[in-house]
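Take a look at the structure below.
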Amino acid sequence: MRIGVLTGGGDCPGLNAVIRAVVKTAVTDYGMEVWGVKDGYRGLVEEELIPLGIEQVAGILPKGGTILGTSNRDSPFRYGIKVNGQYVYSDQSDKVLHVIDQYKLEALIVIGGDGTLTIGQKLSEKGVNVIGVPKTIDNDLSATDVTFGFDTAVTTAVEAIDKLHTTAESHHRVMIVEVMGRDAGWIALHAGLAGGADVILIPEIPFTIEAACKKIAERNERGRHFSIIVAAEGAVPLGGTPVTSGVNEGNIYNPLKLGGIGKFVQEKIVELSGHETRVTVLGHLQRGGSPTPFDRILATRYGTAAVRALARGEKVSMVCLRGQDVTTVPLIEAIKQLKQVPPQGDLVKTAKSMGISFGEPQES
Amino acid sequence: MRIGVLTGGGDCPGLNAVIRAVVKTAVTDYGMEVWGVKDGYRGLVEEELIPLGIEQVAGILPKGGTILGTSNRDSPFRYGIKVNGQYVYSDQSDKVLHVIDQYKLEALIVIGGDGTLTIGQKLSEKGVNVIGVPKTIDNDLSATDVTFGFDTAVTTAVEAIDKLHTTAESHHRVMIVEVMGRDAGWIALHAGLAGGADVILIPEIPFTIEAACKKIAERNERGRHFSIIVAAEGAVPLGGTPVTSGVNEGNIYNPLKLGGIGKFVQEKIVELSGHETRVTVLGHLQRGGSPTPFDRILATRYGTAAVRALARGEKVSMVCLRGQDVTTVPLIEAIKQLKQVPPQGDLVKTAKSMGISFGEPQES
Amino acid sequence: MRIGVLTGGGDCPGLNAVIRAVVKTAVTDYGMEVWGVKDGYRGLVEEELIPLGIEQVAGILPKGGTILGTSNRDSPFRYGIKVNGQYVYSDQSDKVLHVIDQYKLEALIVIGGDGTLTIGQKLSEKGVNVIGVPKTIDNDLSATDVTFGFDTAVTTAVEAIDKLHTTAESHHRVMIVEVMGRDAGWIALHAGLAGGADVILIPEIPFTIEAACKKIAERNERGRHFSIIVAAEGAVPLGGTPVTSGVNEGNIYNPLKLGGIGKFVQEKIVELSGHETRVTVLGHLQRGGSPTPFDRILATRYGTAAVRALARGEKVSMVCLRGQDVTTVPLIEAIKQLKQVPPQGDLVKTAKSMGISFGEPQES
Amino acid sequence: MRIGVLTGGGDCPGLNAVIRAVVKTAVTDYGMEVWGVKDGYRGLVEEELIPLGIEQVAGILPKGGTILGTSNRDSPFRYGIKVNGQYVYSDQSDKVLHVIDQYKLEALIVIGGDGTLTIGQKLSEKGVNVIGVPKTIDNDLSATDVTFGFDTAVTTAVEAIDKLHTTAESHHRVMIVEVMGRDAGWIALHAGLAGGADVILIPEIPFTIEAACKKIAERNERGRHFSIIVAAEGAVPLGGTPVTSGVNEGNIYNPLKLGGIGKFVQEKIVELSGHETRVTVLGHLQRGGSPTPFDRILATRYGTAAVRALARGEKVSMVCLRGQDVTTVPLIEAIKQLKQVPPQGDLVKTAKSMGISFGEPQES
């Protein structure tokens, strides 16, 4: 059996660990042959594939990035080619089928987010066997309990908050840390809880600056002349529209044109309270670096599970984590089911017990 | 309501996070008063307690160790006092009841392992309300899915393995890393998987040196003139008795008197294969340092849950994690139920798919 | 002998190490009494001083920030007090002399940058004994070979570049990292060299976008479809005016109002080459965190040397590092002597040998 | 011009950075051709050389180890070959000259310690042009101010001490950390100063256990019921013989057969004071891992300087750091000039001002 593997979409620590696990499991356990597709689906259109054996994946487990490369916007169903400096789009999916046929690939393992998986689903409808491996650093996919890369992103954010803490305290400042999370506040919630934040702003709980400032003022009264605010990029002021900073890949919307939620909150706090306030946008730092042990293990389990699913005859599904078990679900069900932070859930409640404000209006 | 909190047994990253969460939740959510007991149960015998308010726990979330101190062997039921250079033991549990009464403590939150929790259970039988918070860096307690400190220990072990990897490769060496795990191999299994080990030795799977050497030889043939072996301190050679290095606290048994499993394996490999081999014993490094975000959050949830359990009237139970939820179980059921690595479980299978040997005799 | 110690200006890893060394040396070696002044010179005007003994400085060596607090703009010679929401300024230097007298302080050790040292010099002209300890994270002071905090800032920057490297490579991107350095490019030069950057932009070498793009294009041709650019915040386009992002403390000038050099370069590269480009502004992350061993040792040596200078009767000087030796220079000579990167120096030449472009026009 | 480059002896963070700088400088600045010799001098005997171009050194700057491999004991002048399970030694230096001739190598750059450089010197006496790059993680070479790898080793040691600190404090323990340094105590001195140790034991200052215990007792009296001891592996009890743990490469002598200085000191402290004491041997962890920015820059400068020396016609010399400048010295003068810690130097004095004991008998 010959299979192909590709990575698509934004960077995420653990991609190489998945690729390595796919190759090792396929080659060692099942005697399969594995081809790596370069730069996401682009490699299937442009016929750029490389053979992947045990040697090719040696030593990549701890490395960030993906040895296969990736692309963000190269759907074979609407494939852009530059003609006279302008992109002209056309459907190249038959070309992809042709290449798959030519390379005798009996299945594809596609590692990616919504976009990548949706294209996988569409290819499966054209007869390609596709196993998806979910990748979202935001951990916002309801079909799986946790996604790889998330723990690393949270760790990077907490290291940053730890660093900013001492400066905030010495200089009596409000420090805002803008983290990823366009549609869900998981990174902000986890990083805020672990970093000892005072205010956490997430898309799921509309906030008011007044409530945030009230928290800062309360701390001042107790002699704590500094505060840490962790803001998800998709956090929304009450009655407002989402303000994003374009850190995420894909369709970026930024109605308020404010240069990001961090900057927005900074300006409003200075306006309202006069408190010296600084903002740090973590951006791509959260997507890079060596994956944490947790992410390396989860990514490895995903890669192994994807190959096993193929070996037992699954034709179109997605691997996922449920409790302690890695299993599979139908691919179509898995796509685009957003998992948001439940505002009444235990994590938010625990955060409130820690004295953390979510900027809810009733607080002010 | 007035409560006491203490920490007992070996060090574990996240103890301070639990203490902080206990105090913050108790004071803020329920208006309780919290007293910290110094150095485990010793502080209850010697009447060393300090009031803990929000100020006392400010800034301790990221810190290793415990601000309360701890002791390993000071059971009030068999309390040792030095008389003429010799320890004389007596039952001081009534003294403890008296002190609890005197300080008007309506409940104790005891954070610790088997020993600490067992004493808590015995105190509860004398009428003290006791909520246990489980602490075992080895993650070997069946009553809870995960314990805090484990993720930090694994992270420290993986950082060490990452460092040793390049040296092993450059110098064509076998590198043995001895990690904690007297009765269960969780740290070794996770660290080995995440660190890209070639051989993992755990208490649950008796090993032979021959099988380990076979793996090393196979790698040599493929031009990989180095190997990484991760050995849990309690790993047992087939037909042998456990060999421990005394890294863990408590009752240390070391029948073979060999200076630890790492040293033992090193000598046997050199004997059998002549391969240049080095051993690193991580020891206490695994118990120290700032807790990872995962551990900070879990420890915080445990602390909050313990106070909530008291608030809703529980009298003798232990907090634990089940899936994504923190809940409680009867304390007596929780104690000493060892959770070992299932040799047929998915993690071990995944490790084998990665080409990792567990030194099983059939391999050689 | 009684002395006072204060910290002024922006945050810098190692401040606590200096304070600890001052206290330990003063108390242990000379039996002096030490008073800590809160929040820079503000504490001398407002009479906020605390006694500092060995206990007060225990455990602060590895900590970022300063236990004394600091302020940026509170010169006693032009001291601002808020009256009806408006700052009214007056000379409070006599008040300071009075407080110094009242507390019987025979000398001040002032740890800070230009601003803080200049005020120290002016106080010395009014009869106060002042020993300065230089603090500039930019390492841009000619009176000393190295300043503490610099090594930590470079380390933070290199960790960030290491993280961004894999993403850049996987995603075929130009990654711009904006680091501190308004007047001197030391951080950018060191971080760029250590991080394996392709382009380094510093204030000392005016750059053109064309030259930077030429480097990117050359790499593309060699199949390296990504590049790393490290830009000091004070880097200046040829013929342009400095563009700063206001990360630094003090008088911020930003004539081009461009949101920082990183953003400026990003826009120009996209304009000129169309290459997908991302910018990360490290900002305050560089000022926080635990100091590196190098900085802890240097800061400790500075603190000890400052007390020894007092003990041997120096009245107005600054400690500094010359080669391997810590010595002192007259304070007035030390202030404001900027040390810039020599464009023909060995470090720049070595960087060029590594293939690094400085965006010099002759290259394009 | 064609040159060869090899790495010999024990591992040291920064080796890859030197190799990369040699290749980049040679190829880009001088149009030289570079051949990498595998596994130290062994590759010259066995004719294992690989061409090294810019591509081969891409991405290796942050990596530990050496892409060329190394060997410890393969001198061409006494080269061991296994015959019937026994090593038979012979002079293979003429074979080496032949291989150098055959590959048309006009010079060798040899990166290594005493052993490697001495062989280089001997080869130069047979007519080979040799530029040495000094490598000693112990920083104990008098011909150069600092060697690469040292800063990384100290950083690893300090991270370990930081981790052990909280455990020591929580558990009222004496923690001994054994670090490298057979003949010189630089790592112990720097790590002890930066880690806030209480006792530092180095080869240059014979110690007594009594003095160390006195320090521990003094701390106990002040309520500090824990102490940190940093011991260089070559530290010597007064009147005793060096006790080494065999962590270092090369000729290991261990007259007291005590399993290392750490274990020795532990047993003696327990014997004398009864204080609970734990020992951690860092061993190879200090030789691995990604080099610090400081080491990456120094290693890069060394590599560049070695090529430049060849280019300007030097035939047998060693690169070194003097103050801020990288220069060269005659190879023969550089070898084996040990640089030890001056017991009356400023670093030791500063350490004493910090209250650190060196176990000197007059203290007890």
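Order of writing sets the chain letters: A, B, C and D. Residues in each chain are counted from 1.
By our rule, a contact is a pair of C-beta atoms (placed from the backbone, for glycine too) under 8 Å apart; a residue touches a chain by one contact, two chains touch by 3 or more.
Bear in mind that the values here come from a model prediction, so they are computed numbers and not experimental data.
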If you take the mean of the Cα atoms for each chain, which one ends up farthest from subunit C?
-> B
Between 0 and 180 degrees, and as a multiple of 5, what angle does the rotation take that fits subunit B onto subunit C by Cα atoms?
-> 180
Determine the centre-to-centre distance between subunit A and subunit D, using the mean Cα coordinates as centres, and give it in whole Å.
-> 42
Averaged over CA atoms, how far is the centre of subunit B from the centre of subunit D? Could you give it in whole Å?
-> 34
Rounded to the nearest Å, the gap between Cα centres of subunit C and subunit D is 31
Residues of subunit C touching at least two other chains | 162
Who touches whom among the chains?
-> A-B, A-C, B-D, C-D
The subunit A residues in contact with subunit C across the complex are 7, 10-11, 15, 39, 63-66, 69-70, 72, 156, 160, 162-167, 169-172, 175, 259, 278, 280-281, 283-285, 287-289
In the complex, subunit C residues that touch subunit D | 20-21, 24-25, 28-29, 54, 58-59, 61-62, 145, 151, 154-155, 158, 162, 190-191, 193-196, 222, 224, 290, 292-294, 296-297, 300-301, 304, 323-326, 346-347, 350, 353-355
